[in-house]
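Since the structure comes first, as structure tokens, the remarks are kept for the end.
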Amino acid sequence: MKMVKTTLAIVTTAAVLGVSGFAQAGATLDAVKKKGFVQCGVSDGLPGFSFTDAKGAYKGIDVDVCHAVAAAVFGDASKVKFSPLTAKERFTALQSGEIDVLSRNTTWTSSRDAGMGLVFAGVTYYDGQGFLVNKKLGVNSAKELDGATVCIQAGTTTELNLSDYFRTNGMKYTPITYDTSDESAKSLEAGRCDVLTSDQSQLYAQRIKLAQPDEYVVLPEVISKEPLGPAVRRGDEEWFSIVKWSLFAMLNAEELGVTSKNVDEMAKTPKSPDIGRLLGIDGEYGKDLKLPKDWAVQIIKQVGNYGEVFERNVGAESNLKIKRGLNALWNQGGIQYAPPVR
Amino acid sequence: MQNTGNASPASGSFFTDPRKRAWLFQIVAVVIVVAIGWFLFNNTQTNLQHRGITSGFGFLQNSAGFGISQHLIDYTESDTYSRVFLVGLLNTLLVSALGIVLATIIGFTLGVARLSPNWLIRRLAGVYIETIRNIPPLLQIFFWYFAVLSPLPGPRQSLELGEVFFVNNRGLYMPAPVAAPGMWPFWIALLVAVVGSVLLRRWARARQHLTGLPFPVLWCSLGLLILLPGLTVVISGVPFDWDMPVLQGFNFRGGWVVIPELISIVMALSLYTAAFIGETVRSGIQSVSHGQTEAASSLGLRPGLTLRLVIIPQALRVIIPPLTSQYLNLVKNSSLAAAIGYPEMVSLFAGTVLNQTGQAIETMMITMSVYLAISISISVLMNVYNKRIALIER
Amino acid sequence: MSNTTHTFKPSLPPPTLNVGVIGWLRTNLFSSVGNTLLTLVALYLIWLVVPPIFNWAFLQADWAGATRADCTAEGACWVFVKERFGQFMYGFYPAELRWRVDLTAVLAVVGAAPLFFDRFKHKARYGIALLVAYPVIAFWLLYGGFGLQVVPSSAWGGLMLTIVIAAVGIAGALPLGILLALGRRSSLPAIKVICVTTIEFWRGVPLITVLFLSSVMLPLFLPEGLSLDKLLRAVVMVVIFEAAYIAEVVRGGMQAIPKGQYEAAAAMGLGYWRTMGLVILPQALKLVIPGIVNTFIALFKDTSLVIIIGLFDFLNSIKRATADPAWLGMSTEGYVFAALVYWVFCFAMSSYSAHLERKLNTGHTR
């Protein structure tokens, strides 16, 4: 017993003495480099955004953001470890340092950005909340949902938007909240609820997981703005910049026409000064970010530009078939816009 | 450190004097515990500050802004988080109370069935206990929720019982009594009946002590309890109006509804806990030696009376302590309801509220203290009861 | 006197209604009106429940095939379980390395086997050697290193993970629980208070809140940069949590030891640790073996709660597989299979505990 206590005492003292300073800016990058991988919090099973295939490999837009960060930091997109998180766990996990990046279709809001000790690095997907109902109900508009039972995922902005929407329109509803989107979808199917509400992209994703997707329809109303993006801990601007610019690099690459296929070629003979700066041929922009010179090349080569990532995961090449819409580049009718590398 | 106990001889040196060493030992232990506590507290404090996470309990006054599927007290989205806390607490208590009552009834039945002279009943009870208690409760909750209750028909195809009770995959709908105005005579009659029964019982007991003559207390008080309020009903009409559930739009409206999440969790937990209580009751009854039964029958007690006056009071002494821990387990297991979306403490407060506010430490602290408080109160209650029935040895 | 001898008539056979099958039926099933009624009701219940289940699980079930399309019959579709069996057992453990898991399991069975033979002489010494050596070998085989490819704990899953958590939980909770029990019975007030508080705290809170605390909040309590493996943290929490329960069981056993034993030990001049280690604990532990095994069973069932913190244990891998779009509508089969596996493990443990109870029951109990 005494031995145990002595050991404990030594460990405690050591630990107390060992922790004198706190993380300054840059601590996350150093820690990430030291452990050799990026710990990334993702969703627990949402086709198109983050889900595991039969072999247990993670796929999706949110997942690719993590890969991009790893490619930028290590030059190797595979140096990522994923923590599947429920909506309820995600912020605590990021706050506590359990994960380095939270890329889990999370809506950027002021309270999350300021009050919870997180900061959002950008927007990977402009979304809005919608409703998924069974065609049999004969509902054509969300305004007809008075008295409905609604399935929601616990701890999301949709929970709050839903209540606002029904109150504004003087309607009543009964919420049934689940921890995971799988459970909500299962309950919609079983008829426990009349309608499932979530971000529209998620509704499409969940619909293809139903046994008879054609029986269900997404209502036309979009009741909120849901800019989804990766978040990092507050107080480490350096890491924040890395995540932010990994995302911007993908957007800029699409704008400049650099793809995973032509990036090597472009890196040898850049077609324009913009491309040269992005790919590190010209200037020391990587060094400013504390990243290798070819950070953007690695991202584009191993993960792809934003357009490729979008089409591969949720767009025409996936079975979700979501149109670019708001998520097209600013010069193509959308609002995706990245500051230039310069 | 071999002789820390009270057995070794006292000697002069500091390290060989057991009493001084005991002090040293304890001081070291306390210092370590305090140091660990301070270490964790300090880390948390600096981590929170450093990461700019809001702390403190101010959030409890903010408006919640989300709906809750089952609330025993009035609740709207504009209510505060502290109200949400109350809703969650009441929902947890509801599950626990229903579960404890049901589990006790089923458990005692099982325990008696295990000792039944009927071979088939004995075996069935045995098979039930061995099956149920070896399957994780979480799995049983899933079973009730996904396999039993979800396949029920939707609201428009509800199974109905006389157009009064409706069962569908949204729950069990039944008429709710609404107190009609001007019903005070009914309540007064009920009060008089209750007080009367208590007094009657006292009197009958005193009389039996003096004269040995028994008095049919049960039947008399039952009569009192039915007749007096019944009389007022006859005189001034039924004290309640019934609020009937009516199919309107998507769902039934009005009446009382028991949501399937509640049914699943209560069924699963009470059946699961009952299996353990059954074994406890069986071993309790078996612990009463057979001589007691023989003595009772040689005194001329009938089997029913033997069970009630001789066996059960003695068996209870053995049963109460493990029964208490079963009750505690049930209360703690009620937190598994989070897995199927029943809005109790863990899912509502340590889940939704934690996530909407981001104040993990405060919400977890509150949640855990609530469970501690519930556990401690049940322990205290059962200890008091245990003391009352404990064997008084001379 | 005449020499007539009295000859007994051969005794009659017992009334046919009281012996044999009929007699047994009469005494056990139809001894009274009430009993007959009960029997009939029970038979009706059995008839109501058993044939449909049997039909579903066996007669009308699908056994052959490889995809969802092969699920054509009315009843259960065991193809699902068959196809996903590997994932249920090993989670995402690399398929080509699964022999290491199998080997670990085989070693455990082979290694522990001698302990169950009464004739084996050096049980204690062998047991201790096994306790020291096996965890090291098992960890090496499962995790890797020293020549083996490393499989990080995040790839562990399925039944294997469940067993790892349960086994480490049991191995850790027992000694810690005994220490806590000793502390609670200690004569030193400070130690006693600390142990009582610890025990009551852990017994008072639900395991899922503790797991949540450890999985997402622990880094808040620790210095920045210090991070521990998620699985390790969960296991540590399970160990502490169950140790509190073990402590109460052991305390019960210690209370049952008559005071004379303590006094006799003191009279022999034994100190505290020797009194406990050589006199009290061996007797107390023997008394509470059933209680300890019951706690182990509870622990095994409790491992299913790690689903809440996103570890892919047995139950979670099944739950995940049922959400696979390629295998929709298989949740009943999945959960039935899960229930069956948990049941087999727990029932085996409880039968063994009952067996031990009978074996060790030397007539002291009433």
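Assorted remarks:
A, B and C are the chain letters, set down in written order, and residue numbers restart from 1 in every chain.
Keep in mind that, in the parts below, a residue touches a chain if its C-beta (ideal position, glycine included) is under 8 Å from a C-beta of that chain, and two chains touch if they have at least 3 such contacts.
In this text the structure is predicted, and so the values were computed from the model without any measurement.
Considering every other chain in turn, the ones in contact with both subunit B and subunit C prove to be A.
Across the two interfaces under comparison, A-C and A-B, the one joined by more C-beta contacts turns out to be A-B. The distance from the centre of subunit B to the centre of subunit C, each centre being the mean of the chain's C-alpha atoms, comes to 25 Å.
For this pair, subunit A with subunit B, the centres built from the Cα atoms lie 42 Å apart. Within subunit C, residues 212, 216-217, 219-220, 223-224, 331 each touch two or more of the remaining chains.
In subunit B, the residues that reach two or more other chains under the touch definition are 1, 25, 29, 43, 47-48, 50, 146, 338-339, 360.
Looking at subunit A, residues 1, 15, 19, 22-23, 92, 95-97, 186 sit in touch with two or more other chains. Partner subunit B is touched in their complex by these residues of subunit A: 1-2, 5, 8-9, 12-13, 15-16, 19, 22-23, 87-88, 90-92, 95-97, 111-112, 115-117, 137, 145-149, 154-156, 159-160, 162-164, 166-167, 173-179, 183, 186-187, 190-192, 194, 233-235. Taken together, the subunit B residues at the contact with subunit A in this complex read 1, 25, 28-29, 31-32, 35-36, 39, 43, 46-48, 50-54, 65-69, 77, 146, 150-151, 154, 169-170, 248-251, 253, 260-261, 338-341, 343, 347, 351-352, 354-358, 360. Against subunit B, the residues of subunit C that register as touching in their complex are 27-29, 31, 35, 38-39, 42-43, 45-46, 187-191, 194, 200-201, 203-209, 212-213, 216-217, 219-224, 266, 269-275, 297, 301-302, 304-305, 307-308, 315, 319, 331-332, 335, 338-339, 342-343, 346-347, 350, 366.
In the complex of the two chains, the subunit A residues touching subunit C come out as 1, 4, 15, 18-19, 22-23, 27, 31, 35, 44-45, 47, 52, 54-56, 81, 83-86, 89, 92-93, 95-98, 182, 186, 208-211. Per the touch definition, subunit B reaches subunit C in the complex via residues 1-8, 22, 25-27, 29-30, 33, 40, 43-44, 47-48, 50, 116-121, 124, 130-131, 133-139, 142-143, 146-147, 287, 289, 328, 332-333, 335-336, 338-339, 346, 350, 360-361, 364, 367-368, 371-372, 375-376.
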